[in-house]
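Here chain A shows up in two complexes: once beside chain B, once beside chain C.
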Partner chain A sequence: MRHRTLVYACAVSIVIAIAMAATSSVAGQSAPLEKPRAVAKTVTVAKAYAPPKTPDGQPDLQGFWTNSTYVPLERPQGVTKEYYTPEEAEVAIKRAADREAEQTEPGTTADVHYDFSQFGLDRSQSTFAKTLRTSLIYDPPDGKIPQMTQEGQKRVAERAALRKAAGGQYDDVKNMPIGSRCIMMGGAGPPLQNAGYNANYQIVQGAGYVMILTEMIHDARIIPIDGRPAPPSGVRQWTGVSRGRWEGNTLVVETTNFNGKNPFRNGSENMKVTERFTRVADDAIEYKFTVDDPSTWSKAWSAELPLVKTDGPIFEFACHESNHGIANILAGAREDDKKAAAQRKPSSN
Partner chain B sequence: MRIKLAVPAVAVVLGAVLLLTSAQVLAHHAFAAEFDVNKPLTLKGSLLKWDMVNPHSWFHITVKEKDGKTTTWLVEGGSPNQLIRMGVTKNTVPIGTELVVEGYQAKDGTNKAVGRNFVLADGKRLFLGGSAGGVSDPAKVK
Partner chain C sequence: MQSRLLITTIAAVSLAAGVSMAQAPQAPAARPATRPAAAPAYRAPRTADGKPNLNGIWQAMNTANWDIEAHSAAPSPVRDLGATGAIPGGIGVVEGGSIPYLPEALKKKQENQANRLKLDPEVKCYLPGVPRAVYMPYPFQIIQSTKHIMMLHEYAGAVRTIYMAEQVEAPADSWMGWSNGKWDGESLVVDTKGFNDLSWFDRAGNFHSDALHVIERFTPRSADTLNYEATIEDPKTFSKPWKISMPLYRRVEPNAQIMEFRCVEFVEDLMYGHLRKQPASK
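Let's look at the complex of A and B:
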């Protein structure tokens, strides 16, 4: 049995810190910057949290959640332990938030961008999850993605060669990243990933199904939990095919049948993702995932990314309709073509 | 090389703001493929319309040229979703609001730009600090 202490901190409100005796993790919520910074208070909760139930008896995961966090997927260089102390975690968060708000130098490529903080898109201006973990990856214990197999390295090289053969990344719509094309972005997963901004989700449960709606590009993953098998291997989808089941209060979701066009961390279409959702507090879901892809990594690896409660609703994203950037990028590429052609012309002298 | 913003944004005067621009960390697409780093510009004009759309919002700005003619510029900004959560609406920045936009022009030379800084006539930065903190008169919002 594990003993949990919930530490509620934050600006007016809330930072949840779930500090467990052996496996500490802290979830949190930031508040609008104009409000006063909060003082942390510690609340001890029952060691066995009993989640509310849906009308049909499922543990209730429904609501609006975010997985925004400053904790990196892999352990930073020079950090050798799995958990920071609460004080060290605060320093790490502050350092990351300061870096996010750092200024770029005018006239540099990095400077050609709108200001994230001006649009409230840096993470410290929205609800984000705090954790004492030094990396989201907890297995292997070094907090790093395992070594890539030779087969995986070969595939990565082949993909790079195909991209090169297709021409410049911005020459053609099909060469552009799928996020730029509004097909899908990283947050949807599976596994769910911190999207960087608008990292918000809504979970809805009905009889026989769980649905996860991702704000960024508005992907809805509908997960049957009625025991039906996965479809044949020939059925391939961008987000794979997910099947769920309850193990006690934990929703276990296994996803296979990826189409290979959106490789997670350079994985293959044979990747299997196993996710575990456990509501551990009114305001927090423990979210863990394991990625198993022997053709890419020498062994399976696992990470934990807390989901903390946030305010709804999920706003419509409608990415395609106003994705004017694509047309502008293509216009820029054609302008580059003209300049290149002019340079190739022999001089009239 | 990066320069760190060391003063509260709402207290920054315009001149200083124009020297400092904030870093992007994650982006929907490569803005340097859309806009030209060699075409920095400063637009002074009034807001004609703000399209609060994704993946990026667009400000339509009427700019008065030296010869008295006006031109309309389209200036790209960030996703509006988090601003909406903070209580920002289309009415937060009233039509006609005078703006100074520092940014970079589109590579194809048309009247489009990315808005690196949006600054109000009184020198305050728009939105910075969350929940429309940079708007001159909060009573006008919503």
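Let's look at the complex of A and C:
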């Protein structure tokens, strides 16, 4: 607990007002809907910006970044446009931040579980990425994940049946969510996703490799950029297997070979994720990803989630080592089983 | 025994190479007197920023993870594993032969060893700590940049960030500690403090307190080997500092890569199986 607290305390980094203060000239532009747009600030500088280079000449993506944001993956109901005006965006952020703050309502389950007024749980207290986008998904243009194929729907139904057959969530540790079990958390991806709190990343580049460390459960992706062939299909991993390359100043990473145990948005293990990292400002990386999985979706879909600079360092997140929650939850459930059995016995006599 | 002999052999070869190199005009002259006798006379290739290039996937090839001290071969601690789980012998990696435990600490070490299946953090897939992470029977990758050097271990996905630029005191205790690094000639010297008291040095119950301070030297000895030394200080556990040393070998396969070894799911039944819902009794 001491460790956790420190993590949050040390995360007290500069609350960067990234660029939301879109200049009136940017705001005044009629945003062309066909083209995805980055953080407002980066739009104005992207064309002229020349990223710094590492000593061996690669575009330099290194440092500490966060993808914390209030922008939802899919476009909210009732919103029909791709971009808010800066004023509308502030209203949307405030609405989302207020919703998050409601979790501090004394006596609620959420409040008992985590004190959201504690630094780091409430996104608005820390650095978070702002964009005028109404949804992270920009393709398809309606901002929604495409229709699932019949094959995909069948798989979802089969998975649900398997879960049901396995019993209640607290019958066995294997029935509990992957994150609660400290196996991995959503932020690691790929694709990288805004995982709520501690949405922090560190990028380090060495000869032939780019490393992306996700704070949550110290998940490090080691991405070779040396042109090696694709991995054999028999190798299946939680985070897949990644291969990277530079296209100009953009790092392109293709990931395949998922193990299907932690399906992203109900995708299959044959999903291919293509990520594009482009440094567009000293304090921003434009991050786009495309998910291609014909057995799940009728067409590929793409989203953009900015990474903004944050203060380091990243602390050790020893999740499993301190995971008293699992044992306590399961022990509590077994106590409930005993009580239920004791209640049944007298009445059955 | 094997590894020690190998060190000597390779050192001798490297020294010979150094002598012949010394005839070249720019070659460094005599080794600094403070260097250990086995120090290799080898100059590593440089990274683009001019530092010895330690990038690569490395692995120890010894039985230190079973027991860093000298030990004979022994049957598997788990009967059903037969010879597949048996303990291979080893001459030990502790310089001077044995660890200078304080009397109380020695007792605890022996208790640890007697109960290792219950107590060894590795059994539960816990983070390995330092220096154990370096010589576990899994590879680790060094990704070397100017400000940060990453040590990425296959076992449990353990991660260590070596801070080369902004060096601060450990802000909190942790399993892997807080590592500040510097270059000393050919060597990467890593100073690590801020440990908790939960990790072990091996499966034999060798342990430490939260006063642990580890100073490591990673020194290239040839294109594909490093010399690894770690000095261990912990006045709550040991009567004096002591040292381990061993070579580390590059995984030279062109397709070598650190694989996922996300072992949490492998230990869930062991750790939580007794809390599984039982079929209703009749």
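One rule holds for everything that comes next: the second predicted complex is superposed on the first by the 288 of 349 C-alpha atoms of A that agree within 3 Å, B and C clash if a C-alpha of one lies under 4 Å from a C-alpha of the other, contacts with A are read in each partner's own complex, and residues count from 1 in each chain.
Note that a residue touches a chain if its C-beta (ideal position, glycine included) is under 8 Å from a C-beta of that chain, and two chains touch if they have at least 3 such contacts.
Because the structure is a prediction, the values reported are computed rather than measured.
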Considering only the touch criterion stated at the top, classify A:256 as touching first (chain B), second (chain C), both, or neither. neither
With the two structures laid over each other on chain A, which partner does A:215 touch: chain B (first), chain C (second), both, or neither? first
Figure out whether A:331 sits in contact with chain B (first) or chain C (second), or with both, or with neither. both
Output check: A:202 vs chain B and chain C. Expected answer is one of first, second, both, neither. What do you get? second
Go through the superposed model and pick first if A:68 touches only chain B, second if only chain C, both, or neither. neither
Of the partners chain B and chain C, which touch A:107 in the superposed model: first, second, both, neither? first
Just to be sure I read the superposition right, which of the two partners does A:341 touch: chain B = first, chain C = second, or both, or neither? second
Based on the superposed arrangement, let me know which partner A:315 touches: chain B (first), chain C (second), both, or neither? both
Does the superposition put A:126 against chain B (first), chain C (second), both, or neither? first
Chain A residues contacting chain B in one complex and chain C in the other 170, 182, 315-316, 318, 321, 326, 331, 333-334
The answer for chain B against chain A in the complex is residues 1-5, 9, 19-37, 40, 51, 53-58, 76-86, 88, 104, 106-110, 112, 114-118, 125-131, 133
As the complex stands, chain A meets chain C at residues 2-3, 6-7, 10, 54-57, 62, 167-168, 170-174, 181-184, 202, 204-209, 211, 213, 217-220, 222, 224, 228-229, 235, 237-239, 313-316, 318, 320-321, 326-327, 330-331, 333-334, 337, 341
Chain A residues touching chain B - in the complex, by the definition given at the top: 32-34, 98-122, 125-126, 169-170, 176-177, 179-180, 182, 185, 195-198, 215, 311, 315-319, 321-326, 328-329, 331-336
Over in the complex, which chain C residues touch chain A? Could you list them? 47-49, 53, 55, 121, 125-127, 141-148, 150, 152, 157-159, 161, 163, 166, 171-176, 198, 254-255, 257-260, 262, 264-265, 268-269, 271-272, 275-278, 280-281
